[in-house]
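The following pair of complexes shares a single chain, chain A, combined with chain B in the former and chain C in the latter.
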Partner chain A sequence: MKRTVPLFITGLVGALLIVSYYVPHPPFDSVERKIPDYFNIIAAFAFILGGGNLLRIHLTRISRRDHEWLYSVVTVTGFLVMLVLGLLKMTGAEGSAFGVQANLDLADARLLYDWLYRAIFVPCQATMFSLLAFFVASASYRAFRAKTPEATVLLLAAFVILVGRTPVGHLITAWMPEPFSDYFHIPNLSAWLMSFPNTAGQRTIQIGIALGIISNSLRLILGVERSHLGGSD
Partner chain B sequence: MPRFLAGSACFSFLLMSPVIAQEGPGSSSPPPAPPGPVSAADRTWDAGGEIIVSWEPSPDADRAGVTHYDIQRSADGGAFESVGTAPAGATEFRDDSGVNENIEYSYQVAAVGPGGEGISSPSASVTTHIDWFNRDRGNILILMLIVCGSITWYIERARAGQKLYIRKIAGMDAVTEAVGRATEMGQPVLYIAGIQDMDDVQTVAGLTILGSISKMIAEYETHLLMPTSRSLVMSTARETVKESYLAAGRPDAYRDDSIYYVTDEQFGFVAHVDGLMSRKKPAACFYLGAFFAESLILAETGNSIGAIQVAGTAMPTQLPFFVAACDYTLIGEELFAASAYLSQDEKMLGSLKGQDFGKLIAMIFIVTGGVFSTLAAFTEAAPVAMVNRLLGLLWGSPQ
Partner chain C sequence: MVTFFRKLGALDRRWIFLFIAVSVIIPLIVQRPAPVPPSPIVRTLFDAVEALPTGSRVMLSLDYGPSTAPENDPMSMAVARHCLSRDLKLYLLTIWATGPPLITNLLEEVVEADFPEKIYGEDFVNLGYKVGNQGLIQSLTSDFKGQYTADAGWGDENPSRPTSQIPMMDPIRTVGDADLIIAIGSGKPGVKEWVQFAGDPTGVPVGGGVTAVEAPLLYPYYNAGQLEGLMGGLLGAAEYEALLTENYPQFSEQAQEALIRMFPQTVAHLVIVLFVIIGNISFFVLRRAERKR
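And now, the complex of A and B:
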């Protein structure tokens, strides 16, 4: 029963969505539009589930004085401060959140919430994102070492594209006469690499992905795929 | 006035005069004759959002007196408003701009020329109907039936006991090695199912693979770490892992706390996972699902701690990062095939064979399309045009 019901629901909803794609007549016309609403309703409940889980795990760590419990204090404090200020910001009545009187004025809460978001959250987020620049450099260094013929081709292609997108690339081969510059002028070569070999490779991957999605969905709809339910036993 | 200037002015006048003779009187030339009778009909086998308007060409169309046609529509007896234009040689227009069911539409067509416009008499009223099949998607239905039919057929063949050859997927063969290494080192296994929610098929694929890998983790008695960026993914992953531990005969080893929610925020989640990797030093890291800019940050951190890393995603833009930083990468379709491959279940493997048949069809279409499109550039032979038209119909774009 525990497996039959989810499999039945998956099969039914999957089949319904496939039919609704081809049948524009009511009641099928609105299925594609309405199913995401059901997902959003479930996801809204999941927010409470997520918040509850976060508090439970970190409060348990704090109470047990687990290894790294101080990180949990920061997490819980951040969560609660933003939650309270967010609720105060949301509420229409001044100084109250869902009937609970707060000492903070509504305008203050809004300002504080926005300040915390802009002065703490956004810079932290930007810091994490900026790490990418350093990681790109270290990953490129490893990937572009010409150890094998394939890596050498990769290195050459990357070099042409990198140089071709800078003014230097234009200057290096600006002297080329007409018929050759159409093919070997570095910016043109870079554009050709991006437009043809790169696009062909991307499309190949995308065709494979589309077929993979069809196959995976069909396995789920037909109930052949049961790994997420603990296997086929 | 100097002579040369006077002369040039005179020359200019002589040059310009024919133009003036054409354009000048144009403003006073009569407007083109209106087009012949206009008819409007509901397009059949569609979602009721399209009307086909056709008309007899204006008698002035052949004499270059018409530059284009302006198609005007009246809804429920209201004023006529322009809904589009058609070139001078056209006699048909498809109106799909805001056409709704149960509204009476009437059309008139204006032949527009240099001297103004000649407006036809209005057509009879027409209403649209929503049909039971959308023929615009017929080509997709045919392809879907072929691909799904082949997948189902191979699943049935596998059920009947036929042995199927499936090529090796190096990334999946490395799973046992990675989990085994984590066991030997006494370090945990880190599993990230992407940062998207359960409505993304890549997350679903990531969790189906988790089912197989967590069974292995349970058998090896290794510790699993699985932070999630969506709470719905957390609850689904918990159910999946719990069932796998049960199937492996180790329900006692399952711990709810090993799968937990962190945050929906992309870089907040990355900060947590990076910190977790640096502190706990997992021996094996799996990144299987939908990833964006965080892919390289995660993979490089995993690389720096010396973990065996297996990644898989269907995001073409993130694949190069995973290829550069991970030991094994499942590229696109391999992510969706991994669960079947790991389970070695005949029915699941049958579906992979069907998927391969779909690839064969795609290859045939690509080669045929390439050859006939190239031929069409050199010849106008009827068979070439026919094949190109057929391919265009199948792919939904006229050739």
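And now, the complex of A and C:
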């Protein structure tokens, strides 16, 4: 019963949504309008579930003094502080948090929440993302070697895109006369690579993904796929 | 000679890190805007905004977080400046939880600084963040105000209030009542979801701006005519700024962020290209030496 009822609900709702898409008449048209509302409500509850799960995992790690448990302390503290301030921000008066005036010398942040967002969250995220530049440079140096014909094609494409995404690409081939510039001017070459080989590749991937989604959806509706119910089968 | 190239081939990556750091820091200090000729894909988006009659409704969705703000913020700000200078109605929203402070930042840097005469609720509105991802976008095609029962407000003067009391929300029943949707994003949900769940079902044109890594994924939508122009990465933002400053010289001082940041990006790209060339020279010299042996 614990598995049959959820399977029945999944199959029924899935089939109903397919019918409502192809039959845009009452009562099916309202189904297509209303179901996304339920999705949104469930998505809101997923935040509570996610928050609860995060607390459960990290509090367990702290209580057991697991490996690198101090990071969990930082995670839990950050989560709770932002949660409480965010809730107070929604209901509290401007410029106060916990009923205490945020009297720090903050040029453009009137609330502690905004200040924490701008002074901690923004620099931390920016730092993490900026580090990519160093790793991309290092990886490019090691990976872009013309070892095989395929690797050479990749190398040439990378070269065109890297230079084509800068004003230098425009400058170094600006002297080219027409009709050569239509094909070999680096920004045009870069745009061609993005518009044709890239589009062809992306479309192939997207069509593959779409077929995979259709197949998986049918498996879910027909009850063949049961992993979403938990357990091993 | 071979020893030299062997050492070069196995160059300690900290040297690469050092070169990249220097190549970014020095141009950042110099603060010089790079000359950027606009590409057709960005010009399409600019022309789409330019073609809208006064009073048209533009939804600007800021679907990104602080990590990609250096790439995405100049896009949002250039589009907002363009829309407001053409007296278009600007509806600001976000489907990313990290988005609301970015909207506040945009309001401070663009509206407060450049358009103090614009009235909240009549010329622009901050609808804030709503949960639901693509489910939310789909809901907007049938009932906009059912999802956005209240706005997010802005500052002390404009506290949150029901959308039924906001004049510029009167004609909005569904997202189909917008004249143009512009999504600035850096992942999922983002531009692709706005195309799939709002643009295609309602027929409202969708334009976008995304990070450089995401831009290749969206070219199929642009080539199929489902996307009304696209700003790809910092270069896309710089191209839009170049078009904006060319057509609206009053923004020649403000709309420079991406143009200035293009300079360090250009130098960094050239350094990477240089390292790739050095790496390949080293590779070929060593291979030749091995074959001789």
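FYI, the second predicted complex is superposed on the first by the 192 of 233 C-alpha atoms of A that agree within 3 Å, B and C clash if a C-alpha of one lies under 4 Å from a C-alpha of the other, contacts with A are read in each partner's own complex, and residues count from 1 in each chain.
Everything below uses one rule, namely that a contact is a pair of C-beta atoms (placed from the backbone, for glycine too) under 8 Å apart; a residue touches a chain by one contact, two chains touch by 3 or more.
If you're wondering where the values come from, they're calculated on a predicted model, not measured in any experiment.
**Student:** Check the residue A:Gln206 against both partner chains and state whether it touches chain B (first), chain C (second), both, or neither.
**Tutor:** Once the two structures are laid over each other on A, A:Gln206 reaches both partners.
**Student:** Given the touch rule stated above, what does A:Ser63 touch, chain B (first), chain C (second), both, or neither?
**Tutor:** neither
**Student:** Check the residue A:Ser138 against both partner chains and state whether it touches chain B (first), chain C (second), both, or neither.
**Tutor:** both
**Student:** Look at A:Val224 in the shared chain and tell me whether it touches chain B only, chain C only, both, or neither; answer first, second, both or neither.
**Tutor:** After superposition on chain A, A:Val224 lies in contact with chain B alone.
**Student:** Contact-wise, after the overlay, does A:His25 reach chain B, chain C, both or neither (first, second, both, neither)?
**Tutor:** first
**Student:** Let me test your reading of the model: by the given contact rule, A:Thr77 touches which partner, first (chain B), second (chain C), both or neither?
**Tutor:** Once the two structures are laid over each other on A, A:Thr77 reaches no partner at all.
**Student:** Can A:Met194 be said to touch chain B (first), chain C (second), both, or neither?
**Tutor:** Only chain C; A:Met194 stays clear of chain B.
**Student:** Please indicate which partner A:Thr4 is in contact with in the superposed arrangement: first for chain B, second for chain C, both, or neither.
**Tutor:** Neither: A:Thr4 stays clear of chain B and chain C.
**Student:** Let me check the overlay on chain A: which residues of chain A are in contact with chain B and also with chain C?
**Tutor:** Overlap of chain B and chain C footprints on chain A: residues 36, 39, 43, 47, 125, 128-129, 136, 138, 140, 142, 202, 206.
**Student:** Could you pull out which chain A residues touch chain C in their complex?
**Tutor:** Within the complex, chain A contacts chain C at residues 33, 36-37, 39-40, 43-44, 47, 94, 108, 114, 117-118, 121-122, 125-126, 128-129, 133-134, 136-138, 140-142, 144-147, 155, 158-159, 162-163, 165-168, 170, 187, 191, 194-195, 198-199, 202-203, 206.
**Student:** Would you mind writing out the residues of chain C in touch with chain A in their complex?
**Tutor:** My answer: residues 11, 13, 16-17, 19-21, 24, 34-37, 39-41, 65-70, 98, 101, 104, 108, 130-133, 135-136, 138-139, 142-143, 146-147, 156, 212, 215-217, 219-220, 223, 233, 235, 262, 265-266, 268-273, 275-276, 278-280, 283-284.
**Student:** Applying the document's contact rule, which stretches of chain B touch chain A when the two form their complex?
**Tutor:** So the residues of chain B in touch with chain A come to 46-48, 130-134, 137, 141, 144, 147-148, 151-152, 155, 197-199, 201, 204-205, 207-212, 215, 230-232, 234-236, 239-240, 242-244, 246-247, 257, 260-268, 270-271, 275, 279, 293, 296-297, 299-300, 314, 316, 319-321, 323-325, 331-337, 339-340, 342-343, 345, 347-348, 351-352, 354-355, 358-359, 362.
**Student:** Mind pulling up the chain A residues that touch chain B in the complex?
**Tutor:** That would be residues 21-26, 29, 36, 39, 42-43, 46-47, 49-51, 53-54, 57, 60, 68, 71, 124-125, 128-129, 131-132, 135-136, 138-140, 142-143, 202, 205-209, 211-220, 222, 224-233 of chain A.
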